[in-house]
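My structure is below; once you've seen it, I'll send some questions.
We just call them A, B, C, D, E, F, G, H, I and J in the order they show up, numbering each chain from 1.
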Amino acid sequence: MMTKKEAAAEIRAAKVRLGLTWAGLAEAVGRPVSWTTAALLGQHPMSKDEAEAAAEVLELGPEVVVALQLQPMRGALETVVPTDPTIYRFYEVLQVYGPTIKELIHEQFGDGIMSAINFRLDVRREADPAGDRVVVTLDGKFLPYQW
Amino acid sequence: MMTKKEAAAEIRAAKVRLGLTWAGLAEAVGRPVSWTTAALLGQHPMSKDEAEAAAEVLELGPEVVVALQLQPMRGALETVVPTDPTIYRFYEVLQVYGPTIKELIHEQFGDGIMSAINFRLDVRREADPAGDRVVVTLDGKFLPYQW
Amino acid sequence: MMTKKEAAAEIRAAKVRLGLTWAGLAEAVGRPVSWTTAALLGQHPMSKDEAEAAAEVLELGPEVVVALQLQPMRGALETVVPTDPTIYRFYEVLQVYGPTIKELIHEQFGDGIMSAINFRLDVRREADPAGDRVVVTLDGKFLPYQW
Amino acid sequence: MMTKKEAAAEIRAAKVRLGLTWAGLAEAVGRPVSWTTAALLGQHPMSKDEAEAAAEVLELGPEVVVALQLQPMRGALETVVPTDPTIYRFYEVLQVYGPTIKELIHEQFGDGIMSAINFRLDVRREADPAGDRVVVTLDGKFLPYQW
Amino acid sequence: MMTKKEAAAEIRAAKVRLGLTWAGLAEAVGRPVSWTTAALLGQHPMSKDEAEAAAEVLELGPEVVVALQLQPMRGALETVVPTDPTIYRFYEVLQVYGPTIKELIHEQFGDGIMSAINFRLDVRREADPAGDRVVVTLDGKFLPYQW
Amino acid sequence: MMTKKEAAAEIRAAKVRLGLTWAGLAEAVGRPVSWTTAALLGQHPMSKDEAEAAAEVLELGPEVVVALQLQPMRGALETVVPTDPTIYRFYEVLQVYGPTIKELIHEQFGDGIMSAINFRLDVRREADPAGDRVVVTLDGKFLPYQW
Amino acid sequence: MMTKKEAAAEIRAAKVRLGLTWAGLAEAVGRPVSWTTAALLGQHPMSKDEAEAAAEVLELGPEVVVALQLQPMRGALETVVPTDPTIYRFYEVLQVYGPTIKELIHEQFGDGIMSAINFRLDVRREADPAGDRVVVTLDGKFLPYQW
Amino acid sequence: MMTKKEAAAEIRAAKVRLGLTWAGLAEAVGRPVSWTTAALLGQHPMSKDEAEAAAEVLELGPEVVVALQLQPMRGALETVVPTDPTIYRFYEVLQVYGPTIKELIHEQFGDGIMSAINFRLDVRREADPAGDRVVVTLDGKFLPYQW
Amino acid sequence: MMTKKEAAAEIRAAKVRLGLTWAGLAEAVGRPVSWTTAALLGQHPMSKDEAEAAAEVLELGPEVVVALQLQPMRGALETVVPTDPTIYRFYEVLQVYGPTIKELIHEQFGDGIMSAINFRLDVRREADPAGDRVVVTLDGKFLPYQW
Amino acid sequence: MMTKKEAAAEIRAAKVRLGLTWAGLAEAVGRPVSWTTAALLGQHPMSKDEAEAAAEVLELGPEVVVALQLQPMRGALETVVPTDPTIYRFYEVLQVYGPTIKELIHEQFGDGIMSAINFRLDVRREADPAGDRVVVTLDGKFLPYQW
């Protein structure tokens, strides 16, 4: 059986080989680009139709179609603290602003959390004369502590 | 000398005692609420005026005023992986979506990172009939790898 | 300011000194015993009334009343893997049965998790001729992955 | 020799390929579903009959039959703290409620532990108008500290 | 409240000051020497009578009597791998012989464990012309895996 | 070259295939059962005669004979804290009773250690009406600190 | 697909086999030697032209050309603290002088950091009668904390 | 006795209180600014004269004078990986460029290291129209591996 | 009770205050200098006479005399890998030459270890025109593996 | 390309197969035995002549000759704290005597370190009627802290 991790490696290679984009793959799959990228990288299971649509564009075989449908064992960082600078900055944001985010959630909502399950993510480019900006929006349902 | 950490503890206590809010403190200081919260929790240095404005509303003394102006040694998590559920969910987002964010930044901008220094953060409540949502926006300047 | 951890230590001491039980404290507070124990050990914030009811029975002062109302920074294990045998057995259950629980949740519900926020816990004694049994029930709302 | 881990991978693949369920496999094996799932994932040794029954339904060969009978080296988490959200929530329960569970066991039974060896586990779906619930029951014999 | 750890420090100091032995303390308490030492070091709760008997011989006050009766949070090593050579050798035994012990338990008893709860320990000196020997006996009830 | 670890895997497989026991293998080798098990699991080097005797009974080839004679790089636990419950209980004994063992060695012998090199180990079953017991004896020469 | 790590291994081997130098490779690629070395070791993506120029001199095939163009997952140390003495000395510099560097950056620039993205590195030999010196220059744009 | 760490805290406080700079302190002490900062932060021992000169400008007492002369136990990071962003960037440089630096040292010097003992450090501001730059120079004697 | 660690701090301070040397202290105590230094730093228990001799020269009181006689809990490094460069170099020797030392011990002695208990240590200065040398001799009894 | 680690495994196997000794290999190579052993285990690069001399005696091919000449990435312990008892004892020496060695180096030489680069190592057997001794000499140039 091909694992989801092996499928992700095949997908990255095919994407470079064929000059595809995540945005284009998302369109082919018919889902938002962040969700599609996460799914193709092995963090969400796809439906059979989604998997087949992706595999067709990527010119990959039935093993990949099966792997994309498997229920994932999630968790994509290879080390507890990420070493890649692009990913590390988000860990740094957590180090510097984690307690701030916690305080502001509690002030606005009371005791509870932002769901990471009923959740969507957006990454977009915002033009700015002082240098364009990366704007990442984390948008999750509030879940109050409830006995 | 009072440390920034001790000052933050005093501030939390005074805030509860006086029934203040982070939003109210931000208004008194004249800065955005996320920045002000982070600064009062010891992650940013305040100017003398900002520190005095905060201390006055919080009814705290000159030691706190000095502490708030000190250059911080940043990093607010007490463990490498946070245990508090409200903060942990953001670490989980990084575990599940970290490589997705990396791929999308590279697709939209090329090789580089979102700055965590030239950076602003917003936490807001978005009404939703299926349950209100926590929307956290991370907004940093794109920095291309540049030799 | 008294921290929630210091308040918990005071509470444990008073409980032994006065010969109280968690069940009795829960009755005084008017909440389930598991919730009340967790709250008195510093893992949930109490309302002012609950805190005052607890402090009165425990013969403790106003500092404890304030501490019990504070929003907690949750996470009660002092080491990543607990060393106390009574607590360790639950970590062992996770080591041996974690993937089993995951498979069964996915088989019965699809992709998602058991909420640890919209959640209740029960610990009870079940008589058994072959030796009484500890029955711990973890009961959380199912949260489907939902974009 | 095929390891128990390799056998588990074969079993997961066959289960998806043939559209089987853990419940169905448990019926074929004639043991409770939680026990059977744990055994097929490599955490319990099966008897020869159980292993053969499982292998037949899964259409797998004699190597798997042997592997399922081996005495396991138990412990299924690949990291000290699990990263998969479905499993992590149980670790979080331990972080938030571990000391509560300990206190309540001691209050009801005295000094001792819930056995994780003389132990059974149940995962079931409970219908609830506010959203169905995952109910996990941990049921182990009480073992008093006894010199 | 005096913690069990603080009580243990007081006890060690008093023992040196008064020239007492663990064997003598065990006799005063009326329990086996290994159990008594573990209890005085904070790893077992004592009954009121035992605690008072120990405190009297050690010439310590009522705070110690209370501390000795408290339910312990067990786990006495300050680091995951012990650095003290006398204790480390036992960790080394586990590194070199752990799987051997596991194999021999399974061969003699089937699938299960030696209980560390229904358990007793003995440390004794055995005369030997080639150099006296430390003989440590670990004696626990066998617990079979039992669903 | 076959490593000692690969040889151990071959040996476990052959032992199951041929229905042998560690006790029987020890008899064939002519050494105590604990020593023989440890050696066959790769923690002690065997003499040529011992290795050949073991390989003959196990019906294994000359590569195994060589591997069994190699000087081992000792240390058999795959994680710093063992996760297998049968082995973990001995780590727990060290957590709960480590300082007790240290105190009793020093009381009976003075400053020094139990050797883990000039050392023998025994695991035996002791019948007990309340449930048979696992009795593990650790028996090492006392080594005084000596400059 | 050949990974960047596998490509780096091929490159090191070819470099030794053909007696090439990093300086020579940098000249062939037309980029600074530090940048070129980092890119060939898998820490920067190359353009198609650069990758082809490098592969030609190294007499390596098209798989290497593709690998060199891939976006890297950066982070080259195999352990959190490096063990190789040549690399460790730089970690030691950070242990001994890290806070000094921080203080001096803040004194000369205010609150902010040296960018590791808009950054260049130089390693050169400086003749010195008391023994030649390794001079490593880290040169990054100052980024002020800016909301 | 005042530790070097406590002295460093006193020094930082006095420096803020009196509006001094590290550059000014270095001048008073008569040593380079990087060395002086490191020494005042507790990473180098000062001579009696240097310590007295520093203490005089800082208006601190004889305890600080003694502490500054003590031989340090070096190592200033509180965590294995630094969390403060200003310091972290240098760890990131090591993650991304560590093997590059190693290769270039070996190419220019042969097998050996840059000394971190016979070593000097400089941090300076370099004006740049595209944004001023932080230039950190690490300058250590080359030490060849020599038996 | 004064701990051995607190006594060591007092001793270091007194040694600096009185201008004593470890060599001089060893002479006063009548034991080798390495042993005496280790004992005064808390790693060996002293006899009453030795402790009194040391305390007299150091002009310290009876609390120190008692502390020096206590049985130590050994292990003097504050982190698993030492950060102080003078101590780290010995860890580096172990990283680079550990397996070499192991091979040579086994070649010269057979299977066994150098005792760290029946052990003595010497640190001396050896004049050398190319720069004086630190010569550290580790001298321990060979202990063969012996069942 | 054969790595130095793979070459080391080949060398160990050949050494056993041909009944060679490290001492004999050192003679063939014409270098000290400790250096030669370290080099053959992959911790030092050999010259072409040395590599060929070693390979000839070991009856190994040209791939090994190349591997032995490669610049090593040093660091031979597979875990941060070694588990093999023969190697662990040297880590224990560091735990017990590390600060003693540091104090004595500083007393005899001033502030600085023993070089682990300009360094030689000797392991020899010293006859002793009370049991032969392992004498390990670490001999490195003193390097004073020098700005």
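Operating definition for what follows: a contact is a pair of C-beta atoms (placed from the backbone, for glycine too) under 8 Å apart; a residue touches a chain by one contact, two chains touch by 3 or more.
This structure is a prediction, so every number in the text was calculated from the model and none was measured.
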| item | value |
| --- | --- |
| Third chains touching both chain G and chain E | I, J |
| Chain located farthest away, centre of chain E as origin (C-alpha) | G |
| Relative orientation of copies chain F and chain J, as a Cα rotation angle in degrees, nearest 5 | 70 |
| Same vs different contact residues, chain C with chain E, by half of numbers used | different |
| Option in I-J, F-J or A-D whose residue-number contact pairs overlap G-H by over half | I-J |
| Whole-Å separation of chain centres (CA-atom averages), chain D against chain E | 33 |
| Inter-chain centre distance, chain D versus chain G - centres from mean C-alpha coordinates, in Å | 47 |
| Residues within chain H bordering two or more other chains | 73-75, 77, 80-86, 92, 95-96, 102, 106, 112-113, 115-119, 143 |
| Chain-to-chain touches, reported pairwise for every pair that qualifies | A-B, A-C, A-D, A-G, A-H, B-C, B-D, B-G, B-H, C-D, C-E, C-F, D-E, D-F, E-F, E-I, E-J, F-I, F-J, G-H, G-I, G-J, H-I, H-J, I-J |
| Chain A residues within the chain G interface of the complex | 9-10, 12-13, 16-17, 79, 82-86 |
| Chain G contact footprint on chain H (complex, rising order) | 21-23, 33-34, 37-38, 41, 43, 74-77, 80-82, 84-87, 89-109, 112-116, 118-119, 121, 123-126, 128, 130-143 |
| Interfacial residue positions of chain C with respect to chain B in the complex | 1, 66, 69-70, 72-75, 77, 80, 116-117 |
| For the chain I and chain G complex, residues of the former touching the latter | 81, 83, 85, 88, 92, 95-96 |
| Contact footprint of chain I on chain F as seen in their complex | 31-32, 35, 44-45, 71, 73, 102, 106, 111-113, 115, 117-120, 143-147 |
